[in-house]
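Multiple structures follow.
One chain, chain A, links the two complexes that follow: it is found with chain B in the first and with chain C in the second.
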Partner chain A sequence: MRTPLLLVARTLVTLCAASVLIFVLLRLVPGDPAQVALGVDATPELVQATRERFGLDRPLVVQYLEWMGGLLTGHFGTSFVSGQEMSAVVLDRTAVTLWLALPSIALALLIATVLGTWAALRRRSVDGLVITVGSQMLMAVPGFLAGVLLVLGLSLGLGWLPPSGWVVPADDPAAFLAHLVLPVLALTAVQAAILTRYVREAMLEVIGQDYIVEARSKGLTRGQALVRHGLRNAAVPVLTVTGVQLSALLVGAVVIESVFDVPGVGSLLVEAVAGRDMVSVQGIVMVLVLITVVLNLCVDLLHTVIDPRTRA
Partner chain B sequence: MPQPVPPRARQRRAGLSRSRAGYRARSRSRAGLAVALLSAAMLLLSACTAGYTARDDAGAAPAGSLTVALTAAPSNLDFTTTSGAAIPQALMGNVYQGLVAVNEDGKLVPQLASGWQVDSSRTVYTFELQPGVTFSNGDPFNAESVKFSVERVKSAAWSNGLKSGMDVVKAVEVRGEHTVAITLSRPSQSWLWTMATLVGAQFTPNGTAKLATQAVGTGPFTVTSWKPGQSLTLTRREHYWGQPAAAPQIALRYYADPTTATNALRAGAVDVVAGMQAPDLLPGFQKDAGFKVTEGTTTGEVVMSMNNQKAPLNDVRVRRAVLHAVNRKAVLDSAWAGRGSLIGAPVPPTDPYYEDLNNAYPHDPAKARELLKQAGVDGSTITFSVPDLPYAVAAAQVVVSDLKKVGLNVKIKQQEFPAVWLDQVLTKHDYQLSVIAHVEPRDLLSLLSKGYYLGYDSSRISELAAQADAGDDASYAANMKKVVRRAVVDDAVADTLFLLPNLNVMRADVSGMPVNAPTTALDLTRLTKTGQQGDAARSGDAAASGNSARSERAARSGDAARFGDDAASGNPASSGGEGA
Partner chain C sequence: MRRPQARPAAAAPEARRVRRPRSLSLWLGMALSALVVLTALVSLVWTPFDPVAADSSQRLLGTTGEHWLGTDKLGRDVLSILMAGSQVALLVGFVAVGIALLIGTPLGIMAAMRRGWVEELILRFSDLLLAFPALLLAIVFAAVFGAGTVSAMIAIGLGSVPGFARVARAATLRIMQQDYIAAARITGLNSWVIGVKHVLPNLAGLVLVQCTVTFSLAVLAEAALSYLGLGTPAPDPSWGRMLHESQQFLSLQPLLTLWPGLAIAITVLGLNLLGDGLRDRLGAGDPRG
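Up next, the complex of A and B:
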């Protein structure tokens, strides 16, 4: 049981370090929530009174410990900007983003595995080249452009899908799915292009290995050898990249959230940073750090499943 | 490379060994898997309700309800402690009301006060209140609640800087259930007008405990759902004292991206896009018979500030040179696709002391060069602190090239708005040139006030301003015009680049959307879809409902002529709003 304990300890240390870092950084960047609240009509006296009302005049250590105490009891704190308790909001908005990110990355991985393998196998033929160049080009397409084009084509043009908005899944599952399709497609397109490149490269790396030659020599076709023995080996670097892409997608989806008017955690974070809503920013960052840590754990676990050599 | 065909048995063996390895791996990481499954189950649970904190929970919208798309979302519902236009835009007039109100033409009209008298010293205002008015929590509106509301502004409970508008009030006296007398320390023309803004909003003592999240007012709507950053739903009140709102429910939806908002309009998800921020999207709607576009005025003056305290802009000749050098027409074309108006001073045409000052500093690079030469600052470099807002960035680019042509090198320093800009420019005055839209109505004197970031020497106008405020209706407008001429023309305090337009796009069957925005409030009481509700014909304001023309540039000059009527006095218009 040494390893699980170590994992938990590592996670806790990461979270603690992240909490100190974000707390300090937020107070180092210029801009003051009291100033933002009072805008262009502020007077120094009113700003000071507002800082006191927000509790920002207290020693930093006290503020930090109060926040930590709240976190330990599951409370992110009450935003002094919106007056809301942020725990439920942050978790819920994160769930929305996961609805976008998880299906997108799964779909992208599926597409990338097929296309990347194909492109590696047929790297000297026209179709392989088309995939390589196509993925290169799609990688250069900004996510929002993919989104805007999808809206123009499938929504405003053909009228198949709603152009924007969000429906709570439990309220109306069909409408929920209809609203989910376009943003997920927009995210998938770019992610699939990126992952295709990685799959292709990993496969090319694998193709020259001895075990493939051996698999071929025992009678497998090139394709069979790659699918049976190559994919698994190629999966190791691809998995690592997928993990990184997924963490990046949680905040990176903010552009797609804006184009499709999806209430995800990315837009919540952007709003919170703009308003210097420290309580919200801190809560969101902690959730994102936690998710990233868990993702890395999952990737590590999957590595041991895929590659016996990494097992202790 | 010819290879032998593989026997099927070998294939199976290969497969078998792989799955055995997989099994071992799974058994070793069983604990990890259990954790993963548990968290997956929790995720699934929250996944089913994902977005509930962001979506309207006001229930199914009744027939005749509308959805209005807006840009800037209120950060909370409490304008007593939070400044900015977003909160009063949603709540003033709709949820909160004042004793008086400003109508769409910029005139003062009675609201919760049925009438008022001013004594001969012009310091005692006696208001007769509307009888039978209740707050949405059931409390009666009466002289006591007026006293409470006015005195609360003067207390520490208010921290919005606009509270200074109430400084002049000396005493509030209850003279009966529906009669209240408010005594000023000196005659003040601006005070009654201030009472029509959010500073004059009427509260009940039992309704101020949770202002940030619960709004209790006397207005025709109540807030039935509020999702910060996302939406705010107004539902018609059953026991409203006046004429009920035309629509049973109006949802305000906040879109960060203007294209997303107009796409939602095309798809029928919203009925109106109000205060459009992307004028280049309008022509497509103007050509489409299914939609109409209105263009009116706002109080948003886009002011390019020149730090009057810092060299080289502390020299009036340099500021004059800048005013001559910048081609404001080109700035407007670039920043707002030519919509909006050139006003020449931070005074919108809806104000009683507006006059067309566009000719005070005509675009004249030669003259600018000469002034710079006199001041001896040829070839120096100025830093331009530009907030990261689309219009500001677009305007700054034109300004930089115009100033370069007259020999002033300008370095752009982009700043995050609001946080960094408020800190560096507004609070620390650490800037030379900057630009921002000032949206508060009648904010000229606060722009010129002592210690404000423009750095104007307010002693130059304080006497005139005091005379104006203390004078009667006629001398108010006349003296305020003198203030404007002294500060804007003589002292070249700042360069007012243009006035933001109020651009609304809506479905053709929508009526009752105000064309102009003379205060920050967005009056939604007459908004309705025709054919759905019999109320359209009742729409009070001709300007609000009757303006169904598709492009309103022509209609706008008509509006401008009407604005001229002094809010307080009925002075004739000085001139129309069309600057270019």
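Up next, the complex of A and C:
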């Protein structure tokens, strides 16, 4: 049933359905879209002109198809509010968010693999317990609190790093990195806590298996047996969670972007919502949904690669 | 920020044996959750001060004999806002969990019992909702229906439906293999009766665990939304907005930011521990088998 082709086909169906849902949802906004964008003070003539200029007087199906056609050719539509084509802005901002999200998830996965394996191996001793309890507590910390605490300690307290803001990498690489550290740390801390728990549980499950016992009977230490034979088996559940967490991270970054004044796609979305700029909201949500769906697909495909049993 | 909805369970007997301290997590989780619920109930009838009454002569006080946790930028008593803020957190949690539970569980059971095109339809619907992380759905709802507690609750609830559907479906698939279901079938019970009398009681434990997980996700999502200014509107007390408002005084009054953060963390920690404890107590392993 789970052939790669079927998975891809399902993903396309989900994407189409999601795009219709987004389009319909954003047409539910009370009032005329042009009026909403221009504000209540706009003259009827201006509203009518805007409607005609952006094709809002045509049937919804035509508008939807045009939006879709635009998306497929890389055009997100023109904002009623700023009159700008949104594609360049949305993609720029998405790139900024990826600068935060990708290092964070990679770092979190690395830390979690080490700490989780450690906690599983040393589960009866104090250090294992410390890791378990620590990750449990850190999991309960909202990302923005982690961010604020980091600013308080490393920026306002010790003065090591700038508390907020963003520098384009090409302008000043050193300043870019300095501004990147705190938001990435804030995202990493919470994600690492979540992933550590998963790695630990996956490892605990693996420890009791026959092939580990066998590997030990041929003379490997417990640590060697786990690293050589356990990690691969523990990888399936852990990678699933990592995929889910990465898409959560991209949306969750909206809060961290707000804490650190980072111009990512999340803060663009919040600005667009506040400014009643529905064309932008529609485009940004579609990009985030696209990323989420593709990540889910990647996780499913990875499953069929790592674990041939699921290819039944 | 969305958290994972189910965690890989330790099926190996050895793994189960070593996790003895978990009954501690059940009691600790219950105690912390009870503390939050109690605070919310008390704040309904009594808080030290009126949580929305501003007093410009009392702005940004530190800890004083009168104001135990100090006052905020408008001179409101922080302890009172904290206490009242638990109401919104719990309200959003309960309603969101209720929505997800009432929609997701029947869908999951139905998918597993009917199979065929019904299952396919439900799974595709679930996929569609999965494409929208709860926080994203909540932001879209805020854009369409206006920012507020109601749209936040509904959005977070809908975003949590797939989790319940998946847990219920996987558990039902396993339950349907059991002898007592075959026996019930032979005696000629129709599938509605089997579903309600035999399937539902057997997956109650798993669904309860899912409730606590979803509850803690909902509390975090509400706090994040309010922090962004897209959740509970002023002046209704909300921990997320409180944190946002106090952030500009971070170097002046750092504790002001810590209190609401601590309140959120305690609530979420309590719910997570409660979920872990219940999972172990009820022997509810990985629903995916």
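Going forward, the second predicted complex is superposed on the first by the 247 of 312 C-alpha atoms of A that agree within 3 Å, B and C clash if a C-alpha of one lies under 4 Å from a C-alpha of the other, contacts with A are read in each partner's own complex, and residues count from 1 in each chain.
As a convention for this text, a contact is a pair of C-beta atoms (placed from the backbone, for glycine too) under 8 Å apart; a residue touches a chain by one contact, two chains touch by 3 or more.
Since this is a predicted model, take the numbers as computed values, not measurements.
Of the two partner chains, chain B and chain C are each touched by A:Val148. Contacts of A:Arg197 after superposition: chain C is touched, whereas chain B is not reached. In the superposition on chain A, A:Leu156 makes contact with both chain B and chain C.
In the superposition on chain A, A:Met139 contacts chain C only, with no contact to chain B. In the superposition on chain A, contact of A:Arg124 is made with chain C only, not with chain B. Once the two complexes are laid over each other on the shared chain, residue contacts for A:Ser164 go to chain B alone; chain C is not touched.
Contacts of A:Thr14 after superposition on the shared chain: chain C is touched, whereas chain B is not. In the superposition on chain A, A:Gly208 contacts chain C only, with no contact to chain B. In the overlay built on the shared chain, the residue A:Ala106 is in contact with neither chain B nor chain C.
Under the contact criterion defined above, the residues of chain A that touch both chain B in one complex and chain C in the other are 29, 148, 151, 156, 258-259, 274, 276.
Those residues of chain A lying in contact with chain C across their complex are 10, 13-15, 17-18, 21-22, 25-26, 28-29, 123-124, 129, 136-137, 139-145, 148-149, 151-152, 156, 190, 194, 197-198, 201-202, 204-205, 207-209, 237, 241, 244-245, 247-249, 251-252, 254-255, 258-259, 269-270, 272-274, 276, 278, 281, 285, 288-289, 292-293, 296. Listing the residues of chain A that touch chain B in their complex gives 4, 29-32, 35-44, 46-47, 49-50, 53, 81-84, 88-89, 91-93, 95-96, 98-99, 148, 151, 155-156, 162-171, 216-222, 224, 228-229, 232, 258-261, 263, 267-268, 271, 274-277, 294, 297-298, 301, 304-305, 308, 311. On chain B, the positions that touch chain A within their shared complex are 1, 3-7, 10-11, 14-15, 18, 21-22, 24-26, 28-29, 31-33, 36, 39, 43, 46-55, 73, 75-76, 78, 81-84, 156, 159-162, 210, 212-213, 227-230, 255-257, 259-260, 263-264, 266-267, 269, 416, 418-420, 422-424, 426-427, 436, 438, 440, 446.
Per the touch definition, chain C reaches chain A in the complex via residues 1-4, 7-15, 18-19, 21, 124, 127-128, 130-133, 135-136, 139-140, 142-145, 147, 216, 220, 223-224, 227-230, 240, 243, 247, 250-251, 254, 257-258, 261, 264-266, 268-269, 272-273.
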